Structure formats: C-alpha cells, structure tokens
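In what follows, chain A forms one complex with chain B and a second complex with chain C.
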Partner chain A sequence: MTGPDHPFAALLAEYVAECLPLAEEVVEQSLTLERAWRDGQQADDLFRPLKGTLHTIKGNSAMMGLTGLQTLAHRLEDLWGVLADEPASRDAGAALFVRGTGLLADLVRATASGPPPEGAATDYLEEVGAFLVSDRGAREAAREERRSPDRRTADRRNPTASGEIGADGAVATIRVDSRRLDALLESFGEAMIAHAGLGEAMRQLNVRRRSTAEMAQLERAMLGLDRTLKRLEGALMETRLLPIATVFSRFTRLVRDVAHSEGKQVRLEVAGGETRLDKTVIDRVGEPLVHLITNAVIHGIERPDERLARGKAAEAVITLRAVQRSDRVILTVTDDGRGLDPEGILRKARAIGQAPAVETPSLAEIYALAFLPGLSTSEQVSHLSGRGVGLDVVANSIRALSGNLSVGSEPGRGTTFSLRLPLTVAVLRSLLVEVSCERYALPLADVAETVRVHPEALHQVARQGMMTWRGEVIPVMDGGLLLGGGAAQSRRYCVVLRSAARHRGLLVDSLLGHHEVVVKALDPSLGRPPAVAAATILGDGRVACILDTGRLADGWVEPVATAAS
Partner chain B sequence: MNPGTFLVVDDSKLHHQMYQLIFSRGELAGSTLLHAYDGRAGYELFMAHPELTVVFLDLNMPVMNGLEFLHRRQAERLHPQVPVVLVTTESTAEDEARGLEAGAWGYLCKPFAPEQLLALVGRASSRLSQRIARP
Partner chain C sequence: MASDSILDFAAQLSHAPAVPVVEERELRLVVFRLDHEEYAVPIQLVREVVRVADVTRVPHAPAHIRGVMNLRGRILPIVEIRTRLGLSRAEPTPTSRVVVVEVAGRTVGLLVDAVGQVARIGERLVAAPPEEVRAAGVEAVTGVARVGTRLLVLLDLERVLASAPSTAPSAASQP
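Up next is the complex of A and B:
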C-alpha cells in the first residue's frame, strides 16, 4: 500500500482525481449493461470499452502500490472475460460484476483519505473466486492469474508501511491500531473523572475557608487544566472520526442481493458519505442500518408490476443520507415504496394492549408505535430478514449508542427512518439533575429547555400530567415516580425533553448544571432499567445514571409505582 | 547518464505526473519531457523530434494504441535510432514478443519502480551514444 516510502505517495490525490470518475463510469455502465442484458440485448458497444477502463484503474492502482485495488480491478477484468465469452453466465454474473464495480468505486473514493485497509475487498474477491471456479471460463482466468506479474508484485510488496507523506516530505499521517486509541480514550476518561473529583474537593474547600492567595492560585491552575482537557478531548475525538462511507459501501451489495431474491428492482443512492462519526458509532451502526435497509426492500417496496400499476417507476429508489447537525449526525433511510399503514399499526397495537391513551392519536404517535416489541406489520417471514427483524430491536441498538430512531411516512409515497446519533459516545455533554436525593445525567442534546414549575400550569388529564409550555400542551412525568424515588408533591423544575416527534416534561427537584460526563456502559448482568441508558462517575465519586432521554421523551417508560393521586 | 528529451505517450494524466516526478530528481533532473495523451498525438510529436532520448509508449490507449504506433513507425521507418519503450500493465511472453517484433526497444511493466525506469534509460542512452560514436 502507498506508504511514506512509496515513490508516488505525493500523487495520491491525483490518483483519486483520475480514477474516481473512471470507476464511477464503470459502475454506471455496468448498471446499464445489467439492464440491457435483462432486456435481452447484447450491448457489446457498451461492454467492450469497460475492460479498457478497468485496465487503466488496475494499472494506476498498481503504480501507486494500492495492491488491494489492483487485485480487485484485476478480478473484475477476469469476471468481465467470463461474461464476454459466455453469455449464459450473465444471469448470475452480472449482479456480481455490478457489485464489484460499486465496491471498486467506494474504495477509490475512500483512498482520498488514505489507502483503503487491507482486506477491504476480501469477501468479494472470495465470492468472485468461487464464481469463476464454478464456471468453465474460470479455469482460464485462474491460469491467467497465476502467470500475471501483478499478482507476484502484490505479494512481493507486502506492505508494512503505515504512513503518508505530506507535501514537505515529513510524515503527515500515521496509521495506529484502533485499540491504542481506545486505551487512550479510557485513560482520558479516568482523567476527566479525577478532574471532576478535584473540582468537587475545591468547591468544598472554598465553602469552608474564604478565598486566600493559595486558593486563587489553585483556581487558576484548575482553569488551565479545564481548558487543556477540553482541547485534549477535542483532539482525541478528532482522531476517532471516520467517514460514514466506510459503512455505506456495503449496502449497495446488500440492496442488490435482497432486491434480487425478492424479485424487486431497487437502486441505492447514497449521499453525505464524507460525514464523519466516532469509530465506535461507525462500528455499531452498521447492523441497525442493515435491518432498516433490508426491511425497506422486503416490506416497504412494492413489486415492479404493482409499482407500474400505481404509476411509479418499476425501479424503486432507497436513499441513504448522512448530515451533521451540530454535535449530532442524522442518518436517514428513505424508500419510495408503499409507506406505513397507520390503521394496521393501530390495530396491532390495540391487539397487544399498547394503544395510545389519546383518543385520536396523531400520525407521528401512531408511527412511533411501530417500534414497540412484537409489532412488525409484516405477515411474511423471509430468510433474509429473519423474523422480519422487529423495529424494536433496531431502536434498541440505536438507543444503546445514545441515539434515537424515528419514522415518517406518507401512504403510497414512501417511508423515512431517521437515526440521530451522537458524534461520539465516550463523553456526553449533559445536564445534571436531582430527583429525590439521587443525581441523574440527561444528555444535553435532548434537552429543549428547563423551566421553573408553576403549580397552576400543571394539569391532570386522564391521569396523565400535562403542562402548557410555549403555547403547547405537553405531557409531564414525575421524576420520582419514573425512577423509583416515589411521588412528591412539589418538584421545582421541569426539564423539557425533545425527541424527533414530540416534547415531554420531566419534573425534578433541582438542576445541578452542565457537566461533561464520561459514559460508562452498564454491566449487562444488571439488565437494562427502562429509563437508564448508561452510567457515569461524578466528581464526588458517586455513580449517576444517564437517562435514556429519547425513550423518556417518546413516552415508552412506565412509572415504577402507580400514581397515588 | 545525462538529461535528455523524453516523450511520454499515455492516456493517464497520473502517469505523466509520475514521469515528471521521476525526471525531476537525480542525474536526469533538467530533462525535457514531452507529453501526449493518445497514440496519434504521440506519433505527431515523435515525427517532429528526431532528437528524442527515449519514448515511453503506453500499450492501451484511445485513438491509436501502442502497437499501432509501433507498426506505423515500422512501416514509415521513422527515427529508428530512437528507442521506444512499451509500457503495459500486463505482459505475457507473447505480448512481449509482439511488442519487440513491432520494433519496441524495451519493455516496462506496471507497476515499475523509478529505479527500473532509470536503469532502462541508462541502457538506452549508452546504446545511443555508442551508435553516435561509431562513424
């Protein structure tokens, strides 16, 4: 791989500038080809030039020492050879080819921020290998492979290099084992907790003795430490950010596979792949996205004939988009399928006794019900989606990342799932509150406002607390009832929580201010208390729960004790 | 090895930049580099420059590929003293034979290291100076 010692390392940007349009052209043409073949056309005029383009990409990758890309381009050429020689292989081979070109383009694109990791295409290469071997033309291709000098070079140049050279010839980037970054983060977390402890001790000290010169000096030192830790945090988080494209790249293939086995025509469009997220989030968001996309193809999208009958294009489009909004990243999965069925959802919710308390629930409220366990609207069970992978499972894994999931839909027009994710999961800006002498942390991103409670603003409607807030009537929950501290007559503050769809108030005794808290995962043996997302250690060494504000705001958490009003 | 005049015929801009990088260093720094992005344009430059030290000719190109370039040059007996190096990504023994038959002086297989290219230039220019020295 292109390392600092590679003679052409300085030309990496030029490589991407030249090869990305070529790779995108290959993707475009292979898709057109696949359609043409499906319609029984030969399309040779389109097919022949493809080989030349692949060959150029291979040559350029080889020169840059990008052996992974070189091998992938080479295998695509092999595959091209089989498709060219044996039209009978096109039924199965075309899809494989299309997927490979997509992967090629993704990897070339990713090279802009450094050579793609080794083995990025391993799965695909194995698949192509199997396909070629199972095919007659394969033996020839395999022979070709053996005598190809590219392969020998690839082995000889087994890369150990781990950096990139900048314009001035100094090492500009270094590749580091991600476990080292995790260890660094862990130590940083400890430092944050120690810092909070120091701050708490100082506060105590300050209360007892009035300010002295030493105290002032200590405070200045503390302020300096504050700033340094802030900068350190920013720098540390920055090292952990990766473009989401690394996850997106697998979905082209997924969509093609699922659509193929479902007899549907679906195209995946991707936007915002350059949006960056913490490595931990990237690692863990893949699975939920797989479920959402699979569900969209299987349940959301209609069969081609049905689509045509509704005046839609036979080919459906699923759009995967990422945008950053302050310290959150929003991922959306949008399909142009049939949309959710509000009546169906409501019927099912009633059947399992989970209908909303309100007489005429809003569409948003109905759609939110889709995330309840056991409320999959699909009647079918498909081998790909398993048991139709409940949305509750997806929502749970997003919540485990301190994110939340919401859905919007327009009957007949399509459905959009939105995932709001934190940029990072290690340190959380939160609001500390006290309820019945216990402290809790609320992620600041989910706090709309804190207000002083005026008893006359609180109402009881159908045993549900309500409050007028900014001209809107919102449900309020008593923190004590919710968290097990028992009801209290007079909580002084209300924290207005927001989720994508709604606002909800949480009554608390006091507000303790904004803090950066280090997120500690809960021991799985504890189970997951419904209102709690994780825990943290406060400055005085006490453990505080980080509340699952998304869940609270959506009203999924039942009070621990029944209201004794 | 002294700086000289080199013609690069390749449809990849990236490759032109690579040649530029190689020829900007060491003994060959100060060489003149001529650039063509397809075989036909390359051939026109080739016609106009009998003083070329070495031609680097890509095999796969639009308009006129490397082999077509060589065949035409063979037919027209144009500048036989100029060594033409055929550059390819793949080379089998047959490929190589076909290139040499068409009058290629040498073969360079991608990926190549700058040293390989320089060694080839060294060999080509010593051959050239021998020729010139011979009355």
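Up next is the complex of A and C:
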C-alpha cells in the first residue's frame, strides 16, 4: 500500500484506484486487438475507445505530477494515431503498442507505493520515437488526431466525483474506502457473537423451565433479531462482492509474456468473469492463480513442434473459468498440455517417504500427493512446480482463505486445477462437534454426511481405520488422536468429509448442530498448526478452533511427526 | 468563567519552582509471581491484566502456547511462560492472571501465578543476572534487581516469546 510518509499518499491511492482498472482495460483490449489484427479483422469498435482511455490516464497522471506516466500515455496516444491511420503499420506496431500498455499498467500499479522513478520508461519511449519517425506522415496525422480528442469518451471515463448521479438526481452510487467496509464487517462479527451469547443464555433459562409470558416475549424478540441479522449479513456481504474479472484481466498479458519467453503459443480463454466474490478473497486469490497459470504455461504445455507431432494445434489453450455453486465459487485453470505423470509423482512421493497408505491408490489420490511439501519441487515432476514456488505453497494460500485446491489430469490431454473458494470469508456455516471434551467447528461445505457409528462397520486394516459408508470403504481417523485431545474411546459419530480424492471419516463424540460462526484468523504466534484453519468465539464466549477439513480430507495424518518437526 | 480559573492555574504553573531533575532513570515494572519467584517486565509493554477465562487448546500449536482465550471478542494466544522459563506446567489457580503484553507488534497473554503491584526502581539497582542463570540457558533474563528483601527477575519478553521451532515456509501466509 501507499507509504504513509508520502504527502500525497491518499491522493496517490485514489489515482491508482482510478487509473489501474483503466490501464488494465487498455492492456486487455490491445491484446485482443493484436489478435484480431493478426487474423485480418479491423476491430475498430475495440480500437477507437482506447484513445479516450489513454487520454484520461494521461490527464490524471498530469494532475498528480506523474510526468513519466504522463509522457508514456502521451506517446501511446501518438502510437495509437499511427496505428489508426496506417493499417499497414499495424504488423510492426501492434506488439509495440501491447508492450507499452503493459508498461503503463505496471507503472500505474507501482505508483501505489510511490511515484515511479524518472526514466522508468526511457528505453521504450525511444523505441516508440524511432517507430514514429519512420513514418512522418503518420506522425502528423497522429498529432492532428490528438488536437481533437474525443471529449465525450474522456469525460465518461473520468469519474472525478466520488459518486454517480442517478436518474432522479440523487446519488445512486458512492465510493467507500474498503477499510470502512472491513470495520463494518468486524462490528457485524461482534454482533453475531453477542447474538450467539444471547441464544446460549436463553437456552439456559429454558432449561430451568421458566416458561412465562416474558419468556415468550423474549423468544419472539430473539426471532426478530435472528431475521434482522440474517438480512444484515446478506446486505453487508453484497457490498463486499466484486466480479472476479478484476483479477482475471491481468492474466491475458501474463500468459502472453510467459508463453513468449518460453517460445510457446498459448491463448488464454476466460469464462465467468462476472462471478462475484468477497473483496478479501479477490485480493488474495490473484497470487495463487499467477502461480498456477505460470506453471501451466511453463510445465503443462508442450512446445509447438511437440504439439503438432501429437496431432494437437500448435497454439495451446489455457481456460480460466469461474462458476458459483451455492455458497462456494469454483475457479478452474485448465490447460490442454501433456498432463500430469502419475508414475513420476508416485515415485517421488515414495522417495520422500510419503507413499499413500493404500496399496493401489486411485489417480485422484496420486494427484493429491502433488500438494505435499517438497514433492512438487523435484525434478521428475518438475512440470508440477513453478519457478521456485511449489504447489504446496499455492495450496496453503488457498487454505488460508478456507478454500481448497484439487487437481485432475488426463495424460496427454491436459490438467485442471480447481480452487473451491468461499463466497465470503467472514461468516462460516459450520458443524460443531465435540471430541474428547473439546469443541471444534467444521466448514459445512466440506461435510458430506454425518452418520452414527456402528462398531461392526469399523475395521482396522494395517493400523488404518476403515469404515463402510454407502457401499464404499473409506478411511476413518480418530478425532482425539488426530487433534491430540486424548486416546480413542468409542466415538459415537462419524463426520464424512468431502474430498476430491476420496471421502474420509472423522470420528467424534457428539454433534452439536449447525452454527454460523464468525471466522477469526489465528494469531501468527500460533505458528501454522496443520489441522486448524482459523478460530471462532462460540455463544458461551469460549473459543473453538475451526478445523482445516480440506487438509484432513486429503489425508493429513502425521500429528506426531509434524508436532516434533 | 471556567476559562479564567484555567488561566489562573496556568499562571501558577508558570511561576511554580522547577521540578528538580532526577539524576537517575527510573524503571516502572509490572511484577508477577511464578512459584515463589518474582518476575518483572517493563510497564510500557503491558496492555492490561485480566482474569483467566477458559483457555482453548489449539491442536499442534507450538509447545509454549497453552491455547487461546476470548479477550472481548479478540482471540488472544496464551503463552505458557512457566515452561518457557524452565518451570513445570501448572493449572491456573484463583490468583492466576493473564498479563496482556504487546511485543514486536504481537499481542499475547502471559499466564502467571499472581500479579503484584507496579514497582518503581532505580536503574542502578539492576544487576547482571547471576552466572548460574545464564549457564542454565535462560537467555530471557536480562537482570536482577534487589528491592529490600525482594529479588526481581527482569525479563526480555522478545526473547521469552521468540518461538524457536515452527519455521515452516510461510510464503503463503497473509500479511
């Protein structure tokens, strides 16, 4: 964020907030243009509006005294003029234009932490200069064009006021500092906790059988409060939702750049950009996606000659897709590359002593191994890893958002990474359970079913608990052993956890019902306990841990080793 | 008018004799007890002292973390300072308190056996820790201060809280 010592820190932040989306839009459009022109289309409807946007960025930069950015935007306008008037120049000019818009977006982004250094774009500006001089006539035309900028477009794209006026003259939209929204959310969380406390107190009263008229009145008031809080939650979440397109927009260029440096031909296709997610999720999902997409280009996709030899199109396709499923959003990154190598993964997992417990693991179980720390950085399965970033790191950052990451693959056909993310990060619908007198919350989205344990359905196979569930034999873990709460007594219930690879049961003592809990991050002092994702405060004021069900379901079973390491 | 009396008061102040300059720096320390020894930490680091509420264990948390506690809606990690200083773990008693401290930007609670009054002691009363203490490897002790018949053990909280283990790769952790 903006350095607090800069005198215009707040103004700069506002500048970035306003110009970055514009700059990213220009990048996006110019990439599309480059493609369209290559395919022999005119695409004027895309090309025309770019000038207005560039002009707005130039104006805003000038206003902030960001001369470097102003000059760059100015030169891009010149270049735009040449491209507009001399379609023949587009072959050579398009790439230059794309590069310039990318640089522009980078510099605008960097401005968040202070004005970019003088001369950040010198090399590029010289290059543009040379290009423009090479066609004097075109340059004159560009000048002419610049003298009569499209005011209407510029004005529409320059929302200087912090609000937009609706049809009836009243302010229809207002811009609010996102920190205020965060504070609002925090207060709402406190209200939820207080509400849970009230509910708990009422239960106690009811237990003492004081059912009187006052009690009935209290219950009615409580029901009203329930409904109001629900509505408030919905409304509050609504204000925090942003379209995922804000994240997606920067990937077109990423794919292009990485593919270019790798000598590969890759096209990014995006679907579901209008899907909305909580701002916090949006802010934090970009980084993991960058890793997954970069990995796909570098390791997943074959070189063009190799692809042709396999009968595939030389140009590979990476598809980025977002879709909402009830209170989760599923993001997928799919490539049509060579796919994962299950043999290689298995070999490597065995080498680091992490072979799966079962004799003949399913493909899904093998792929799940790819998320083990230390595995994806190996050479044999190097196509799983990024440059220096392992899949385990990506998986961890998704878990930190109470989401989970899974992978599917078809050898020779491609790989799909799926990120399941919560729509919101503040309130979690959860199942509360008790294990060895301790209470834990489990995200309801990860719970497939809860069943009563019949001792005859439980088996020990090579020290691994197994249970028959819906005709399937699934591994079960004792909650007490897993969480260090005490040795196995006979547990009465089994919570079946959903997982991409395989269902897995968690044995618990009792089920305490469904609760909406307010998610509180764990303090860094607690390290990163492997089984716990976050914490919450229950109705009686006590803290309960929220379990990392994604990780448990993926078969995290080494409490002793992990605690000691 | 009230403002007149304020002005009068200000005038008095400006004519008041200068406060004699204290030669020596005075330390203000929050004193707490573990077993029969008294320990002290600078008052600047202490946010508040609260009663011990229910502490929830966090599975597989670092060994010196006893658990977490609800402090007015905030989830406060509770440090088992006894084991950090080589004492045996103990269950809270009615005199036990949680000393909420802020060290290196983190707020944590120290579970102590009892909390005494704030001590004001001159800096020169603080001596280097005895050789035996240092030999025992308790680097967290910065000095000892003799106050009458009492002996206060001064702690460096940053060292107390520096968790040696759990250096898991944290590239993915949020800021």
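The criterion applied here is as follows: the second predicted complex is superposed on the first by the 384 of 565 C-alpha atoms of A that agree within 3 Å, B and C clash if a C-alpha of one lies under 4 Å from a C-alpha of the other, contacts with A are read in each partner's own complex, and residues count from 1 in each chain.
Keep this in mind: a contact is a pair of C-beta atoms (placed from the backbone, for glycine too) under 8 Å apart; a residue touches a chain by one contact, two chains touch by 3 or more.
All of these numbers come straight from a predicted model, not from anything done at the bench.
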Which of chain B and chain C A:Asn60 touches, first, second, both or neither: first
Touched partner set for A:Cys545, first chain B, second chain C, both or neither: second
Which of chain B and chain C A:Gly52 touches, first, second, both or neither: first
Touched partner set for A:Gly485, first chain B, second chain C, both or neither: second
Which superposed partner A:Glu14 touches (first chain B, second chain C, both, neither): first
Partner chain in contact with A:Arg303 - chain B first, chain C second, else both or neither: neither
Residues of chain A defined as touching chain C within the complex: 189-190, 193, 284, 288, 373, 389, 393-394, 396-397, 400, 438, 482-485, 520-532, 535, 537, 541-545, 559, 562-563, 565
Chain A contact footprint on chain C (complex, rising order): 53-54, 56-62, 65, 67-70, 73-77, 79, 106-108, 161, 163, 165-166, 168-174
Residues on chain A engaged by chain B in the complex (per definition of touch): 7-8, 10-11, 14-15, 18-19, 52, 55-56, 58-60, 62-65, 70, 147-150, 153
Chain B residues within the chain A interface of the complex: 11-15, 17-18, 21-22, 60, 89-92, 109-114
